[in-house]
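This is the structure I have questions about; it appears just below.
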Amino acid sequence: MSEALGKEFTLPLGPMHVALEEPMYFKVTVEGERVRHVEITSGHVHRGMEALATKRNLFQNIVLTERVCSLCSNSHPLTYCMAIENLAGIEVPRRAQYLRVLADEIKRVASHLFNVAILAHIIGYKSLFMHVMEVREIMQDVKETVYGNRMDLAANTLGGVKNDVDAQLFGYITRSLQRLEGHMQEIIDIYASNPMLCSRTVGVGVLPKDEAIRYGLVGPVARGSGLAVDVRRDAPYGIYPELSFNVITETGGDVHSRAMVRLREVNESISLIRQIAANLPEGKLTAPLPVIPAGQGCARTEAPRGELFYFIRTDESDIPTRLKWRVPSYMNWDALEVMMKDCAVADVSLIVNSIDPCVSCTER
Amino acid sequence: MFRFLKLLGKNLAQGPSTDPFPAKEAHTPERFRGRVVVNPEQCVGCRICHHMCAGGAIRIEDNEEKTGYNFTVWHNTCALCGMCRHYCPTKAITLSTDWHNAHTQEDKYDWAAHYSIPYLACAGCGAHIRMLPPQLAARLYAHSPVDMTDLLKLCPSCRQLAAARREEISNDTHEQE
Amino acid sequence: MNLFSDIVVRSPWLYRINAGSCNGCDVELATTACIPRYDVERLGCRYCGSPRHADIVLITGPLTLRVRDKVLRVWQEIPEPKVTVAVGICPISGGVFRGGHSIEGPIDRYIPVDVNVPGCPPRPQSIMEGVLLAKKIWLDRLNGIAPGHKEERHVSLP
Amino acid sequence: MSDIFSLISQSATGLFHLVVFPGGLFALLFGLVLKGIDRKVEARLQRRVGPPLLQPFYDLVKLASKETIIPETANKTLFMYAPLLGFTGMAVCLALLPVPGVYYGMENMGDMLVFFYLLPLPAIALMVAGSSSSSPFGALGFSREMTLMFAYEVPLLLVILAVAMQVGGEGSAEFSLRKIIEYQREHGSFGFTLSMLPAFVAYLLYLPGTMGVPPFDVAEAETEILEGPLLEYSGGLLAFFQLTSAMKLVIALGFGVVMFFPGTVAGGPLVNIVWFAAKCLLLMLVALTLCKAATARMRIEQALSFYLKYPATLALVSVVLAWVSL
């Protein structure tokens, strides 16, 4: 008990911790309520997926990569399929391209809302947490009605998409978006102005722009520090060049800015889904599959957490000889060192959550 | 702060939004991906589903007497990804909307669907074959001038013989003309 | 005695262990536990932050090598009587990760599981059905109908 | 002979007050029902159905039936003693809690000061618990609980002082709750007295702190330090903490009602008990339930500066006004 009153001592946060969705283990050296040093031990969610991928065939890997992480569970199979399509020179039909973006944006909305809700949960704002989660349910219902599962959409396959979305379903999606949009305005207002929330998040876990560049950050974390990086715009893929959207940035670089970036991106995603509903062309859902030749391919996309990169090497069999992916959390993870410098114990889980860490992606 | 209090007030006025689920059946969307169901009539045993299944939930094995094969879906390994349904050439696999999956540990190894699909004895030589499902055959040979009903009951080699014999007959008639 | 156990099972406190899952089941557990739409609190459930307070433990994930000992230690910290629920296909059979070099599951190799809720991830309603089933098993155990006393359910590391 | 008889009857009534009313049984049932209502109303504010009203009872029965684990590294005596400390403190305190129109506590005694000394006991029990459990989270909870206690005890002391000086008049202070109730019967409830209003608001702000609910649940913050001191407790010992918290709820609310709204209504004692309970309930809904639903947790230093800034200032205003008015 004397330890708590001044001298340094170690606080083992995790691996089983209610604030963290996943087993992540921090050894936090604390002096009173101040954090002096953070040591991150990783590997708890290592399921050996890269090795598993070389045991499974190309089709099984679609499902396997979908289970890398369920919060960005559409980005992984999408990027994986794109890598193979690049390798084999498969031309994906335009309708399928549109539907792929649809699935991706629906997933992005749900993922961002979840992260923002968890932020409220961590600061003990239970009512707000429940409200945001309840709003997120609109998107969960869309996923369940259109794709048949609340987390794993199973939308992508090699050369296209598996499920068609007809006019009736699009009508349902647009109606849901309308409901969502009404709530979003209210939620953004609350997050932007609520004094309790702001006093806990503004100026916490600051990451200046130059540090963001130095650490090579991606996704909403980089955009929260004023760094306008977005693969959808910087290295366009699919039909993104034909759609209009803004790359959202905030300049604060703190927990609050990152949350605001995510919330405002939800609105961008809503607009993207609307554009897809309006411009969806007729056509096939999948391209005919050729024999996948031996070779190497790669692809990158903007996952909800940032840039996702896939590399695949094949021989002539249908089992890849190497499958490697670099996930956004891997880049953002290291920057925790800067953000957590001399923060309060109360803010540790808050800051960790603000980079939307995906441990299961990073440790696969 | 005021905005949030307004939200709470609205919540209070609107009343609970809780689903009455355990008391009442919950809504399940039509496209919900639930337990895998196989239509044994339509299955030809091509094993493409087995090839696609990432979890290894599908098992297809000959039965002991070799008079048919057993098709087993282990629900406790099935990731509900729908790959088997998507790639099934005869559309024999569908995903039901049944999600009532909780079961006790004693039932763990019974939590599977077993289908026993018989082979047919070839009308010519008696070898075991899996007959092409009639609906599928009707679609496949819709424009064929030959009557397939009897031919489908033959194994590939007997069918080859039959085809050769048919050629012979048609050649004979041709010569007679 | 029956009335007493009837009251006892009206307060099942839940504890969640992530044994290396992909988040899907955990997100659904958080959804089931917290949001107004499902509101498990009306069934008397409450999520607790400490394993020492738990009655029903929900395990997700295929039990990776690295997390195994920690999961087992936390599981042992939960006071008896407890009911274990495996949520998702990973803890039940390994799911899509079956055969991986760092997968130690299925979890019933180490922990006596009582209820399985397969799905990838299961619907919140399905998880709720699992919790209700766990409640029933708990009641049976309190009334001495179902087996599963402490002595029969020890855990040992390999 | 009559001495012995009166002594027996006195201790019998004392025992009655300790075990049946207002302490013991009554407070326990009342506290648990209050907690049930609190959870139900909070749920409604969040668009939920919420647990059954009797859920706190179920929880207690369940906890009592569970295995109690004492960690090997813990200081066993202190670990077991901590929950009892808070519980006995609250049990004694409850025997002194006046229910206006029914029961007035002890004769001619500075019982307000007794309340001031006994009210922090559950917090001290938590501190003992935190330090004895040998977990770093417990230790952190210990230091947080201590800081927080310091923060909210200052305004409480000032509130008590303001009320006592208003009643005492002429530069003196009156710490007997019976006198305070009588004074307000003549001069009107302090809740409606302009000079005492700041003190009342200060007391409202004191309530969430002492009950450890958001925004002041820093010591038991689940998402930060895993319920801190309670982390290692299980079974029966945890049940004691819950009991203590339910009893403390009654005391904290009842104390507020006595200080600011001790008015009675015509009718028998039963009516007045219901009236008292209704006032406690109202106080709880405003100060605890609504507050809990509408706020986020503060950081410990924010909580500290909040208490020293606002409620302390408000209470000080009342002290000055009470001083000036004479």
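Just so it is clear, A, B, C and D label the chains in written order, and each chain counts residues from 1 on its own.
Note that in this section contacts are C-beta pairs under 8 Å (C-beta built on N, C-alpha and C of every residue); 3 or more make two chains touch, one makes a residue touch a chain.
Computed from a predicted structure; not experimentally measured.
Set against the C-alpha centre of chain C, every other chain centre is closer than that of D.
When each chain is reduced to the mean of its CA atoms, the one lying nearest the mean of all protein CA atoms is C. Across every pairing of chains, the maximum count of C-beta contacts belongs to A-C. Spacing of chain A relative to chain B, judged by their CA centroids, is 35 angstrom.
Chain D has its Cα centroid 45 Å from the Cα centroid of chain A.
The geometric centre of chain A is 27 Å away from that of chain C, both derived from CA atoms. Residue positions of chain B touching 2 or more other chains: 1, 4, 8, 11, 16-18, 54-55, 79-81.
Annotation for chain C: residues 36-37, 39, 42, 49, 95-96, 120, 123 touch two or more other chains.
Counting partners per residue, chain A has 18, 60, 63-64, 67, 121, 126-128, 130-131, 134, 144, 149, 152, 196 as the residues that reach two or more other chains. Taken pairwise by the contact criterion, the protein chains are fully connected, each one touching every other. By the touch criterion stated above, chain B contacts chain D in their complex at residues 1, 4-5, 8, 11-12, 14-18. Chain C makes touch with chain B in their complex at residues 36-39, 42-43, 89, 92-96, 98, 108, 112-120, 122-123, 125-130, 132-133, 137.
For chain A in complex with chain B, the touching residues are 56-57, 59-64, 66-67, 127-128, 131, 134, 141, 144-149, 152, 154, 157, 162-163, 186, 189-190, 193-196. Residues 1, 3-5, 9-12, 17-19, 30, 32-33, 120-128, 130-131, 134, 196-197, 199-200, 344-349 of chain A are the ones touching chain D in the complex. For chain D in complex with chain A, the residues that touch the partner chain are 45-48, 130-131, 136-137, 139-140, 142-144, 214-215, 217-218, 221-226, 292-302.
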